[in-house]
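There are two complexes below, and they share chain A, which is joined by chain B in the first and by chain C in the second.
== the complex of A and B ==
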């Protein structure tokens, strides 16, 4: 039972990380609080579902289409956000809340309120390691989140572009004074964020289920994980996701399923009180 | 000069405004109100109730309305939020002056609407509400076509009389209706000698059931009853399959007996148990023609098969309209107290149930049938007098299926 709980906690945490990566990057670089993040994720899921259902393509081939659609919508949103006046965070909340409602109703119109599920038969098979069982679905989530986080980490740490993005996250004005095109970094952050959302969306339709208002839950998760990690901390996102996932899983085994959210909330509040800078950030 | 030119326009506008309030205009139609979650997290169910309401109104209007008066339904969207439901109810009862209310999905939305209806003395027949407390508040204007015991009694009986599980788990969503359902079912089962080994509450929309499944596997649970909803079943069942956990029976009273559920789950929906009050192939004995008429009308209006939620909307609206018809036949004015009295005396046989209300406004005859999905169809397996197929128990393991 405990091994199942630990495996499930880490898998769930990996899923959370995938959901949060795009939000964290966009927020870090552009300071826009994108409340439509979850809706974009669900939109990507719907694109994948539609392709899978109508043309019978495998899940793998739905990713490019999902990425393209989210890229287009995210770049449009970026254009809107870039015209907002100060205070940027507050105005972006209002603007993105409107965008979220618009997307929700658009999806309700196009796909109806029915719950949709992308069925991947191979996700139901798996590997046995003694008493431990790992389904291919869990392995995919784990591998993909580690791969994407590692790639993002390498980009941020070991490329000129990444360094420019980090500089923008740390201090936009100083970055601009150093010759970095801060506006361009914003476009880039939205583009990379859109790709990450486009990757996570179809998986959301496989391991969860899709309905037009599912995005709210995903947005809240993304905000929570970003707070856990600290702004701009890519490794922190995966550690934060795992901590939350493990805490929730262990709470279900120890205390019961109704305690899952309570434990998550307690950890979040504790972290905010003790380590507001994020779990991996050193105190100034 | 300018004033004289504008006079005809102003006069026309004034005429239009006063036409809306004139007794003549009101007399031409009978206005009822309908509040449903047409957007937000309960949009799917709200739209389904709304469609059922529309069919009932169309049916009555096609047969000449109520004593020659056309029925007009004013629909409002509560956005799945109680505060919005209150403001919509205030608008319909206070401003639009509807004669009765229908629709409504889940207790958290139906409850606030019922309080507003009471304030304005507007009879309200809710389409889908289960929480017992709502009908115990002493609200004489509140009626509903569903009740919790309609689910509990048949499930308790089939488990006690036919299945006799040794290790049973009862999971339920953290909603008032589902929690009450679980409590009532547990006490019924215990009174009939069946122990509930595990009772767990989860939030609707939980993203991962795997730790809970680990617990179920560890306890070697035979029968899982899940009081979750459509989406919760989708996830829980898929994760049961992923983790190779094979209960002998999986029972989901809410959300499984839908064609859309079979469509989304595919073959994995086979052998699941659920309950249903009505389906296109399952109707109250003696109402086959009425049921067929409803199905055909629904198909022509919405181009798809109706389901039990649609029928709940239809039933509540038919109850309201028949009560109004009875008031008109008695040559009484259509007032809230008169319609309320007529509803209290109603005895109407419809495809889903024989509609008659007790002193609390609860339906006297609402009782579900236990169904099992076999070869992609819903087969009635309980009660014995209504069975269409034998129950398959235990259900095959995931590995034994094709």
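== the complex of A and C ==
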């Protein structure tokens, strides 16, 4: 039982990291909180669901469509975000809260409020190792999440572009002085964030029921992991995702599935209480 | 300065004139709406949302933006419903208790949130709602969990001398009840904003360090504004329960009741007295009369759209913007 909990915690946690990556990148580069993050994820899931249901294509082919849709919405969001006045963090929260309501109602209009799930038959089969059982769904989730996270890590650490992004995260003014186009980095962060969400969305539709208001949970866990890890630290995000995934699956074992949502909320509140000065300030 | 005083008096007169006009409209509305129950229902709910926006703004005026007022709304609604259903108490006794429990929840929230400022306070309140929601959802013995509570007692009729107001039995009765609650709250909010308490809240919003320097105990006042805000939100929640007579965790703890008061207060004017209520009385009927028939699914996109537009173009709110240069500011007590 506990090994199953640990395995599912790590699997879920890796997926949570994938969800949080885009949020952390956008926040780190542009200092805006995108509360519509979860809604974008659910939107990508709906796009995949719709394609899978209507044309019967395999899940693999839904990823490009989902990425395109989230890219379009995110670039639009970026245009609006870039017009915000100070205080940027607070205004972005209130505004993206509005964007989340817009997206929720748009999805309610397009896809109705019914619960949807992308059912991939092979995902329910799996491998047995003694007492441990791993479904192909879990394996796919784990492999894809870690693969995308690794690619982002390589991008951030081993390319010139990644260096520019990290410089912008660390100090915007110094980055601008060094000739980095900080505004352009903001657009880029939204674009990369959109791609990450577009990749995560169809997977989300396979493991969670899709309904228009499902996004809040995902937003909260992206915020939790980002606050735990701080911005611009891919490895910290992985550890944060795993801790959250493990905490949730342990809570499910100990308390029952209905208490799972509280765990994330309590962890976030505790993190905020411990770091009241926020994420951006670093220890001197 | 005599000149300034006369302008200020004029401005006050104009504001009072507008308020009286609005009040006459609201008082006479049931006469016009006699043939349409729907119109009356919509305005009853709009008034209830106006009280919610005022209650939210007690916290808002001290500079904190909450995205979690559904926690207080739901707690108030459930407390009053359970006490009146299980113990058979009169709703008039249980409604204030709903407010008290909501304030108790706010005290717990304050432990987590009051050290935080701005965006981080907002995030913490957003996360906090999950706690009372999931507890209500899982405490089957007390709250009947996700089945919800049905058959809540309605509000008993009120007697004022020979006059008899059938609160829950008739739509007009419910309407006048909510209207009078709104007026009581308006008087309380106005007195509060103009008292030293309100000045302290506004001083904290404008500049915390300076407020501390002139002797305002910032954390104590922030806690007080949170408790007062939660108390009235809880009372509104309790009234909502007895008017709708049906409760469900997803309904009263939903994002809707966190978002709506914030949107109305910011769109109307966070630093004004009338703004939040005006936004409720305009936007909710527009939503119900125009967008609901057009788009039965998804009509609430309106609220998302207006808050985005407000943050981008009128951050001080529509009423706050209109009033600039014409009306008395609660911020400074003089002409802006």
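Here, the second predicted complex is superposed on the first by the 251 of 284 C-alpha atoms of A that agree within 3 Å, B and C clash if a C-alpha of one lies under 4 Å from a C-alpha of the other, contacts with A are read in each partner's own complex, and residues count from 1 in each chain.
As a working rule, contacts are C-beta pairs under 8 Å (C-beta built on N, C-alpha and C of every residue); 3 or more make two chains touch, one makes a residue touch a chain.
Just so it is clear, the structure is predicted and the values come from calculations on it, not from any experiment.
K.L.:
Using the touch definition from the top, say if A:268 reaches chain B (first), chain C (second), both or neither.
P.N.:
second
K.L.:
Which holds for A:76: it touches chain B only (first), chain C only (second), both, or neither?
P.N.:
Neither partner.
K.L.:
Where does A:161 make contact in the superposed view: on chain B (first), on chain C (second), on both, or on neither?
P.N.:
It touches nothing on chain B or chain C.
K.L.:
Who does A:1 touch here: chain B (first), chain C (second), both, or neither?
P.N.:
The first partner, chain B, only.
K.L.:
Name the contact category of A:33: first (chain B only), second (chain C only), both, or neither.
P.N.:
Second partner only, chain C.
K.L.:
Applying the touch criterion given at the start, work out whether A:102 contacts chain B, chain C, both or neither, answering first, second, both or neither.
P.N.:
second
K.L.:
Looking at the overlay, does A:150 come into contact with chain B only (first), chain C only (second), both, or neither?
P.N.:
neither
K.L.:
After the superposition on A, what does A:127 contact: first (chain B), second (chain C), both or neither?
P.N.:
Neither chain B nor chain C is touched by A:127.
K.L.:
Does the superposition put A:220 against chain B (first), chain C (second), both, or neither?
P.N.:
second
K.L.:
Pick out the shared contact residues on chain A: the ones touching chain B in one complex and chain C in the other.
P.N.:
104-105, 108, 112-113, 213, 256, 258, 261
K.L.:
Would you pull the chain A residues touching chain B in the complex into a rising list?
P.N.:
Per the stated touch rule, the residues are 1, 4-5, 7-9, 11-12, 15, 104-105, 108, 112-117, 119, 123-124, 126, 133, 135, 137-138, 208-209, 211-214, 217, 245, 248-250, 252-253, 256-258, 260-261.
K.L.:
Within their complex, state which residues of chain C touch chain A.
P.N.:
Against chain A, the touching part of chain C is residues 65, 67, 112-113, 115-120, 122-124, 126-131, 134-135, 137-138, 254-255, 259, 262-263, 266, 295, 297-301, 303-308, 311-312, 315.
K.L.:
Within their complex, state which residues of chain A touch chain C.
P.N.:
33, 35, 80, 83-85, 87, 89-95, 97-106, 108-109, 112-113, 213, 216, 220, 223-224, 256, 258-259, 261-262, 264-266, 268-270, 272-273, 276, 278
K.L.:
Can you list the residues on chain B that touch chain A in the complex?
P.N.:
Within the complex, chain B contacts chain A at residues 39-41, 43-47, 80, 171, 174, 200-203, 205-208, 210-215, 217-218, 230-231, 234-235, 238, 241-244, 260, 264-266, 398.
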